[in-house]
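By written order: A, B and C. Residues from 1 in each chain.
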Amino acid sequence: MTATLGDIAEHVDAQLQGDPAVEISGVASLRRAAPGQLSFYTHKRYAADLAATRAAAVVLNAAAAPASPVASLIVADPYLAYTRAAALLHPPPPFSPGIHPSAALDAGAQVAADCFVGANTVIGNNVSIGAGTYIGPGCVIDADVSIDTHCRLHPGVTVMAGAKLGKRVLLHPGVVIGADGFGLANDAGRWLKIPQLGSVVIGADVEIGANTTIDRGALEDTVIGAGVKIDNQVQIGHNVRIGEHTAIAGGVVIAGSARLGRRCMIGGGGAIAGHIDIADDVIIAGMSGVPNSIRQPGAYASGVPITEQQTWRKNMARFRKLDALARRVFRLEKLVE
Amino acid sequence: MTATLGDIAEHVDAQLQGDPAVEISGVASLRRAAPGQLSFYTHKRYAADLAATRAAAVVLNAAAAPASPVASLIVADPYLAYTRAAALLHPPPPFSPGIHPSAALDAGAQVAADCFVGANTVIGNNVSIGAGTYIGPGCVIDADVSIDTHCRLHPGVTVMAGAKLGKRVLLHPGVVIGADGFGLANDAGRWLKIPQLGSVVIGADVEIGANTTIDRGALEDTVIGAGVKIDNQVQIGHNVRIGEHTAIAGGVVIAGSARLGRRCMIGGGGAIAGHIDIADDVIIAGMSGVPNSIRQPGAYASGVPITEQQTWRKNMARFRKLDALARRVFRLEKLVE
Amino acid sequence: MTATLGDIAEHVDAQLQGDPAVEISGVASLRRAAPGQLSFYTHKRYAADLAATRAAAVVLNAAAAPASPVASLIVADPYLAYTRAAALLHPPPPFSPGIHPSAALDAGAQVAADCFVGANTVIGNNVSIGAGTYIGPGCVIDADVSIDTHCRLHPGVTVMAGAKLGKRVLLHPGVVIGADGFGLANDAGRWLKIPQLGSVVIGADVEIGANTTIDRGALEDTVIGAGVKIDNQVQIGHNVRIGEHTAIAGGVVIAGSARLGRRCMIGGGGAIAGHIDIADDVIIAGMSGVPNSIRQPGAYASGVPITEQQTWRKNMARFRKLDALARRVFRLEKLVE
């Protein structure tokens, strides 16, 4: 959609330097923006792009404003203001309500009249789907699932029996909600499956990335708090509880019964052990392993940065004997003192 | 289903303290159990929950039994006995045999009369599906696949040509069995694809978690032994062989031609290199990398535990020069002695 | 298909020792090859298998040729020549063109006459699919996608709006192309979604493994260069650019806006941070974390090899205090000198 610069300035709470009547049709990078588009500037690295931009206007902070060759939307946090403007100009694509004739809905499913259900989607008994929800093609919604209003399920999502999704939940392709957790008891060398009887409860405004999996609880529910954002290919085990507004980057593995606090940020590619607690406001760097609880807010890391392979090989040879090396140092200290 | 306490005690081989005629309708945690439900107690941490439980009965060991405020099922291994009781009370949901009219079965597919095939599932030529098997909606079973009796494939599972599944195999949503392995030969800087001509053979009683992938072999088969349990988002490369009753937690990557022994336990988020052997009864901690063969049973680890970021930064600066540090220690030793 | 030894020798540019008229029906390992099959020999480890093979002929190098008990195809690089022969003898299975009656094609989709579209596949408006392309069952191709000639999409692939696939692209089951990137701005503790407006462009001859995800760009496109090969369960964030003929093994996580050079080889299970550059011809060992740019070609590693758990525990206790240990060594040096 389009909006005038004046409307956008008001929407993002910016001071406008320029003509408020100019029509803006969308956002683009400084380099690529055409006349009629809005861009943003956040870092000196892009100073040359700013100077050369053909955008109609740029979102930036007061210090940078004098360098803008075009109209300026001046704000304290340009990235946030840009996001708001982009969301205004590029809302999710609208859809025409309706159920594709190839969709297979159980007679006991309740789908609000203004929903969309895509081709070949399967919806089970006693499912309820709230107003304004979009369910793409090729999804499977198992029995007794409850999906609140204005959710958007992209193609190929699977939601297993009994899961509850809050308002405006956004699921990307290939997401699996509510598969059985990995619950096993050992019986003289063989594994016995423990029935997984809990379900999954997902709060409002949660977004879950492609091919991410969230297991049902063993006895109680797996709970994803409101506003949580989860990237692609994240694995969340049974009984995990994630506090509101926590963000988890791609490829993280969270083992069963871990509890994460609110507003945490978990870097990509790491792993969090089961049955541990992570406090609110914890930031974990990418590729970190978290074997124990973290009780204090703050930034944590464990990844080993990459080095040239020959150096790595030598360091690793020492690392394997680090305890011995430490003991030699202590012995030397005694000898010297 | 329901069972009497007496029946459950016999089923799990427990000594019953309480009325054998009491009807039990299901299991629940100590905190949540309502009258008529069975719970279990395994750790002092839950002593207060035990004291306050409203469960009809609790599975626990002899030492804990005096603290039980309700009927007791006394066993040596409460977790295992609880699992057996839960499996008795909560069997997999039954299904009515039948093939959904929207399923697309090739004329050359052979499906036993008491199977279930869900909506929009596609079954190829020369597929055979044994008695009592359930295939959920949205699955694709490619040509020449053989699925034995009493298997359960949840929605959205893909099984590629020629794979063989043993009895009672359980596949969770999004599992992909038999995609091509990552076989490439380098031709002056370009990659040539090596045809992947083997298949996948999965033993009886194997369970495979959501979105896990198991590649077909290059020339011979990828083999998953009987009783193996694999969690979500595990990647198993071509020609891998996994011994019976091994368990693999979420997010593990196993490269091509690795061989894992029997009864191993592989923690989540790690990686196992290709063309290596791991002995029987090896336990690998989470987030571990295994670059070489492990010849002896035992417990192994390589993950670097997380620390506060400032400490981590200082340690890493030293770590990058660990070889030099070791040399300085050795030089000091010579000087001192 | 079958070919004569003479034809194969010419095709792979080998010197033939043996009867060129012998018919070869396929390839197999040295151990398993039956008469009429071709095998290959690359390593002394398999010397006994070579001596005992029943293959009709073996691909090997000149040094090994005297040990061959059967006909020999002598080349400089037996693995490459074997690959070429295998590709000749085992081309991808042919298909009969046609659109399955259960497929749901939008009226605005343009599908070339000799394509195959499988059961329950959904194809959106303004999609164009080039000649000779195969789209398996259960796929979803969203609006405005362009798929070039002779591509092969296996079952259950999802391609989101606007993505462009070059010639001969091969996508394995469960691949998701063009889901939204993980773009968020923080608004006083809540996350605001940044519209993801770019798309994904995939070059010719790219192969992408099962359940791998490649996100659409935020403003510009995510770009996968020609000839790139990506294994299973790889996560590629928005705006990533991967140079031609780079190969990426299973389970790697590549964060947004990373740029990888040409002909790189990325080992499995690692992670690459966002907004960094990796030069051409970089080789990264498995389980490595790459937090910073790599400017020079060469081999790099960061994984910590596994040790027996008791040793690991002792080493880790020292590692947590590595900075302090280094300081003690420096102090000792001052004392001694």
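Remarks
Definition applied: a residue touches a chain if its C-beta (ideal position, glycine included) is under 8 Å from a C-beta of that chain, and two chains touch if they have at least 3 such contacts.
Just so you know, these numbers come straight off a predicted model, no measurement behind them.
Superposing the C-alpha atoms of chain B onto those of chain C requires a rotation of 120 degrees, given to the nearest 5.
Counting every residue number used by either copy at the chain A-chain C contact, under half are found in both chains. Chain geometry summary: the mean Cα position of chain A and that of chain C are 26 Å apart. Along chain A, residues 102, 120, 138, 156, 174, 211, 233, 251, 285, 303-305, 307, 319, 322, 325, 329, 332, 336 each make contact with two or more other chains.
Across the interface of their complex, chain B is touched by residues 26-29, 32, 79-80, 82-84, 86-87, 89-90, 100, 102, 118-120, 136-138, 154-156, 170, 172-174, 207, 209-211, 227, 229, 231-233, 245, 247, 249-251, 263, 268-269, 286-287, 303-309, 312-313, 316, 319-323, 325-326, 329, 332-333, 336-337 of chain C.
Partner chain A is touched in their complex by these residues of chain C: 102, 104, 120, 122, 138, 140, 142, 156, 158, 160, 174, 176, 179-180, 182, 184-187, 189-195, 197, 211, 213, 215, 219-220, 233, 235, 237, 251, 253, 255, 270-271, 273, 283-285, 288-292, 294, 298-305, 307, 311, 314-315, 317-319, 322, 325, 328-329, 332, 335-336.
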